[in-house]
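What follows is a pair of complexes built around chain A, which joins chain B in one and chain C in the other.
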Partner chain A sequence: MTASVQTVPERLKERLQISGGSAALRIRFMGVLAFQALLMVVFTALVPRFIGWGNVQSILFTAAILAMVAAGQTLVVLTGNLDLSVGSIMGLSAYVVYDLASQAPVLKPYVVLVAIIFGVVLGAINGFLVAVLEIPSIVATLGTLSVYRGFVSFYAHAREVSVGELPQWARHLASANWLGVSAYVWLAVALVLLVGFALRTLPWGRKIYAYGSNPRAAYYYGLSSRRIVIGAYIGAGVIAALVGLLLGAQVGNINSLLADGIELQVLAAVVIGGVSIWGGSGTVYGAAMGAIVLATINNGLVLLGVQEFYRLIFQGAAIVAAVAVDALVQRRVQSATNRRAIMEVTS
Partner chain B sequence: MRALTDVSFDFAAGEIHALVGENGAGKSTLVGVITGLIGPDSGFVELDGKPIRFRNPLEARAAGVTAVFQDPNLFPHLSVAENIFTGNYPRSGAFVDRKAMAREARAKLDDLGFDLDADRLVAGLTVAEAQFVEIARAVDTGLKILILDEPTSALTPGEAEKLYAVARKLKSLGTTVVWISHRMEEIRVLADTITVLRDGGHVQTSPAAELDDDAMIRLMVGRSVVLNQVARTEPVGPPRLAVEHLSLPGVFDDISFEVAEGEIVGVAGLVGSGRSEIAQGIFGLSPRMTGVVRVGGAQVKPRSPAAMADHGVVYLPEDRDAEGVISSLSIAANISLPSTRRLSRFGFMQSRRERELASQQGQALRIKGHVQDPVSSLSGGNRQKVALARWLATDPRVLLLDEPTHGIDVGTKAQVHDIMRNLAREGRMAILMISSDLLEVIAVSDRVLVISRGRLTADIPISEASQERILAAATRASNGKDAVA
Partner chain C sequence: MSRQLRTYSSELILVGLIVLAAVWSSGLSPYFLDTSNLLRSAQFFVIFALMAFGLFPVVVQGEIDISLASTLAVGSVLFALLSVRGVSLFAALPIVLVATAALGAVNGLLVAYAGLPSLAVTLGTMGAYRGLAYLLAGDSGVTGITPDYRLLGSSWVGIVPSSVVLALIIAGACALLMGTTSFGRYSYAIGSSPAASRMAAVPVNRTRVAAYALAGGLSGLAGLVWVSQYQSARGDNADGSILFVLTAVVLGGVSIKGGSGRAVGVLLAVVLLGTILTGMQLANVPGTSQTLVIGALLIGAIGLPRAVQLIRQRFGSGQLTAPAGE
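And then the complex of A and B:
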């Protein structure tokens, strides 16, 4: 039949041109993979031991922590908001939860539960500020970043929680190797898959995408913006609180500055991974990929012996480049919906 | 402002009910009231004999009342299937059943005769396709009333035919289709009943067979407010702005006209006909536009607003709050904005000269308030004057005004009309005025251009212009040939 003969080029045309928006979004993910491959080739060429198993393990470990927090951050960024307070939530959770557990040993079996409660409360506060009081998220979470961190310092009183005070299992987990790879890496893989699955198949996850894609339409569709945004912040808060425990167990002696400043790296991972800073598009797998890219850059530059400020410059440039690419993608999406925009102007 | 006054009529089950009226007659407001977007101050809506009041569009939808608006409200990053089912996902247990979602979406689209891949992202769809998605979403077993607000305004004739078929199909299933439109020809072929609204009031509801086109237009335009025409004594000068064969794919096509020095040319046409886009194109806001623009005989390239302003062509947009004024700045700062270079010495703005310029313009245009007051403290009419003053301060030769009196009370309106006449007749400017208010067009213009669906359908000297004639040209489909293709 002639119809089937025509279908193939028609399909191809559709993929490449007409649905330019969707093609652009897919190409974005391939771009991150290609960039990662390029980084590995370059670093291996410059420092052969970069590709050694020990070093790869170290990269994966760094990436694991980042990827987990980035998975939480992705929830928030997909709604078109930011959460700058994740580092402070990690620090607060790690310090306060472990300290409570060492002072009241009854709590020891329940540290995970206590951390989850902290995550829910701190995330809900962020969500309340953004969704109910309608404070721009960058301002609201910049505020809570400071407030949460200030609270840990106040609570800590310049003391440290020492390795000995941590629960046994946490210390074991931090040094455990499963199938030759750190347990944290497996936890990160599991968490990323879990969040990815939830975003894809739970109504809650689909609504996050819908709201981030077009908040106005979400209203017409009867979606509750408050529930969606607060839910995303609680998700980010809980994940940050749990990862705080993991990071604390790995560090050992925990002071009030644990995970200070990590939020910028987390955001960088999310953005490099192709989650649109304007919301509505991107995946948690992309964010995890972004975490790996970032960990690779950091590791490679350390191996090269370059100084810290070069690392910062490189990291910053990567963020800007990623957002610039996203802006182009966004424009493709918009130009695809261009005639609609014209109609909005005229009506 | 009162958008609707005492509107009462019935929709019968299983009919196609056309709702007609000029721009601003209150059609969209009425839809908002029915679907719960806007709360009425008084009165009620009854469905199947029971009084109802929806608090939001979702409640209306649950009760079987859905509206599809002119501009699609969709999620561009999501697939067609997801857009159809968002908020109402097919589930298996706690999870969204994506396979069932795609399957049901496909079935729905097929049912309605829409040839659309359910897996495609909405970002890549045409406006017509996006509209199909909205309709597919609205069509549900419980659908009683489907309101379509200007559904064919962006469709090609072929796509529109498809939509007619869908409307007829829904009607045969017992759904009431409320079809809001300006287009005589489609109302003719579709409607069983016609309701005419005018100035927010209900004029008449009658069976389509009892109302011919002329009677319908008469009912749409009849109005009480009177605006005075002022006869001109000064002759018009040589052509100041001339455009030839302007085209912007999908928006307008082959537009040619001239505006002479000292002349006011009114541009009439329905919302969405491409009127504003033509002015925006001349002002350099549409780089993809083709055609020739001449200012004072010399050909210019409308590359950007700044370039056109240098040629003495300025554009005053309709949406003043978004585009026309910067409401957090003072009146003086707004007025001096395009003239900063002229007001500066050694690169620094001289605030004394800025204030002088502002108060001089403020007096000329009778702007209320002190020049240091923020524009946000002004009424709509005065904001409009500030926006105008800002451009007048640059001493332009061609003014493109888009709905210059939209949302302004009648008294201020007459003032703005006087100002425009002065600028043209004494200031020797060439003025192109886009307006939906036909009385205003007739009162102020020296000549009237009518745009319909992206084409120039009439060029009427003011001595021959009447509301009926303009409206007839504005609703005319230009011989089946259509710029919006």
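And then the complex of A and C:
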């Protein structure tokens, strides 16, 4: 065996290892970086104040919220599913948790804990529908999107949670600056690193990748698909619930429509960032990069005085383009894997 | 007889549910069962019905299209613009239908020939077409629709509103298309197994593009109904209505995994949802809470059969090995 392997020239073997698979993925990530650089150059050329520190701060702030939710969404997309209900979970968590805290002051110190409980429950419902009842994720989470949102408006009765009812620390956090950058940006960095670390090293994360890249093989390997998918949805739910608190604190007066429709932007960020919609490939860092790209586009178009609908068209085209590139990358990876399999058999 | 009962069991269940919903609604308001009131309420669901009949073949093929509400918005804005510019309805109809069918075909081409997942594609075009509708309509929308465009929404055939007649005609055409033509048979074959269909020389890609184009065209037609009923068009027309449409298709017994479902089921599901929504309006349930019910119905319609199956497996595993007693 060893002798025959050496008959394959080392250089060819190296080429085979790099070409296709990892190279295509690396190029994909570099592509996003290059696109971001291009955007910055173009916007700076058109509007010089785009690159000013104040504006960069505002881009980072928008990107921070998106990147955090996108990190949660990444978990679900890696399993080959989708979660359209994250916006509704954010809204539900922000409204209901802050409202409960203002009505029962006993709960005030436990706001974060209550939000986590909401995230776990709502995420587990999504996961149950997808993994146990085997409802396609798009349909299941489209359903829970409207059920969760309907619940908030039912609960809210067209009332608002006003700024005064929010806990002091949440208000402080929303306006805090650490080292010249909003606290939310640091929280986003920490969360993305944490999720990235968990995906890379914890068994929980490895299982998500294993299941996402080949559910059948994962099954034969003895992995429980239900536990993995439900776990991913719970992760997404908890993150969405916590970010809901952050967004609520920043907005101040919370109505029942908070974060309505944000799921499309989150999904766009994830897909643009190179997380494959087929599951099993991509990173939270890519998704965070996608969030920065989207935030840059939004900010730049606003500065240019371009109307809202161009953003919709641009964003939609970006999703389709990113998925098309992913299809190419996936084919590249596939053929590289096949080639390697053939080499191993013949050598 | 009993075999027919079993074939149409899902439709029979729907009819039963419609009767229940109607009884409930008439309990809320004595005016509900008034014939003219019923027909007037039915008008409001024609738009959803047309989109549902467009989505139906796509879902039968095992794909999905969530961009239809945005296509409708483009269609309604185009109709309104042509009307304001004095183009006659007969000239406008083919223009808009071709334009919206082209929008649908773009989805189809990306799904069929580029091999992209339909969900991601139509998620992208949902935003893009919505943007297009805003772009065409401007900030204030288009008003001042000429009378010939309003005719569909304000005339009656006997006692039935014209738009309801239109929906019934489309329903019949859809049933014929899916039940008797090669397009329909191909659609069921593709939905059951794309790979096997390819080997059986079914023109898979062409059939897919045709289904998406048809869905786009029917959404455009729904745009005409919209313009005729509301006498204006804006970029945000029908935003969010895909939930209702998808629920109707799924509730009508069309498997979301493709390969099965009948037009009559979709029609009955639209009637059922319409009855429930009208009932809730009579009961003064706010609109946002109505979406809660629709969402729950969507999940329940798909999840219930599987839940029943799971419960049977857990509590009656002995019955599994025994031959079915029917």
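Just so we're on the same page, the second predicted complex is superposed on the first by the 318 of 347 C-alpha atoms of A that agree within 3 Å, B and C clash if a C-alpha of one lies under 4 Å from a C-alpha of the other, contacts with A are read in each partner's own complex, and residues count from 1 in each chain.
Rule of thumb we're sticking to: a contact is a pair of C-beta atoms (placed from the backbone, for glycine too) under 8 Å apart; a residue touches a chain by one contact, two chains touch by 3 or more.
The structure displayed is predicted, hence computed values, not measured ones.
*Asks:* For A:Gly316, decide between first (touching chain B), second (touching chain C), both and neither.
*Replies:* second
*Asks:* Per the contact definition in the header, classify A:Ala140: touching chain B only (first), chain C only (second), both, or neither.
*Replies:* second
*Asks:* Is A:Ser213 touching the first partner chain B, the second partner chain C, both, or neither of them?
*Replies:* A:Ser213 sits against chain B, while chain C stays out of touch.
*Asks:* Touch test for A:Ile51: chain B only (first), chain C only (second), both, or neither?
*Replies:* neither
*Asks:* Tell me, which parts of chain A touch chain B in their complex?
*Replies:* 14, 18-22, 25, 200-203, 206-207, 209-210, 212-214, 216-223, 276, 280-281, 333, 336-337, 339-340, 342-347
*Asks:* Please give the residue numbers of chain C that touch chain A in the complex, ascending.
*Replies:* So the residues of chain C in touch with chain A come to 64, 66, 110, 114-117, 119-121, 123-135, 139, 235, 243, 246, 250, 256-257, 286, 288-296, 298-299, 302-303, 306-307, 310.
*Asks:* Touching chain C in the complex: which residues of chain A?
*Replies:* 82, 129, 132-136, 138-140, 142-147, 149-151, 153-154, 158, 256, 264, 267, 271, 277-278, 307-320, 323-324, 327
*Asks:* What part of chain B is in contact with chain A in the complex they form?
*Replies:* 56-58, 61, 70-78, 82, 86-87, 89, 91, 94-96, 98, 117, 120-127, 130, 153-154, 250-251, 271-272, 276-277, 319
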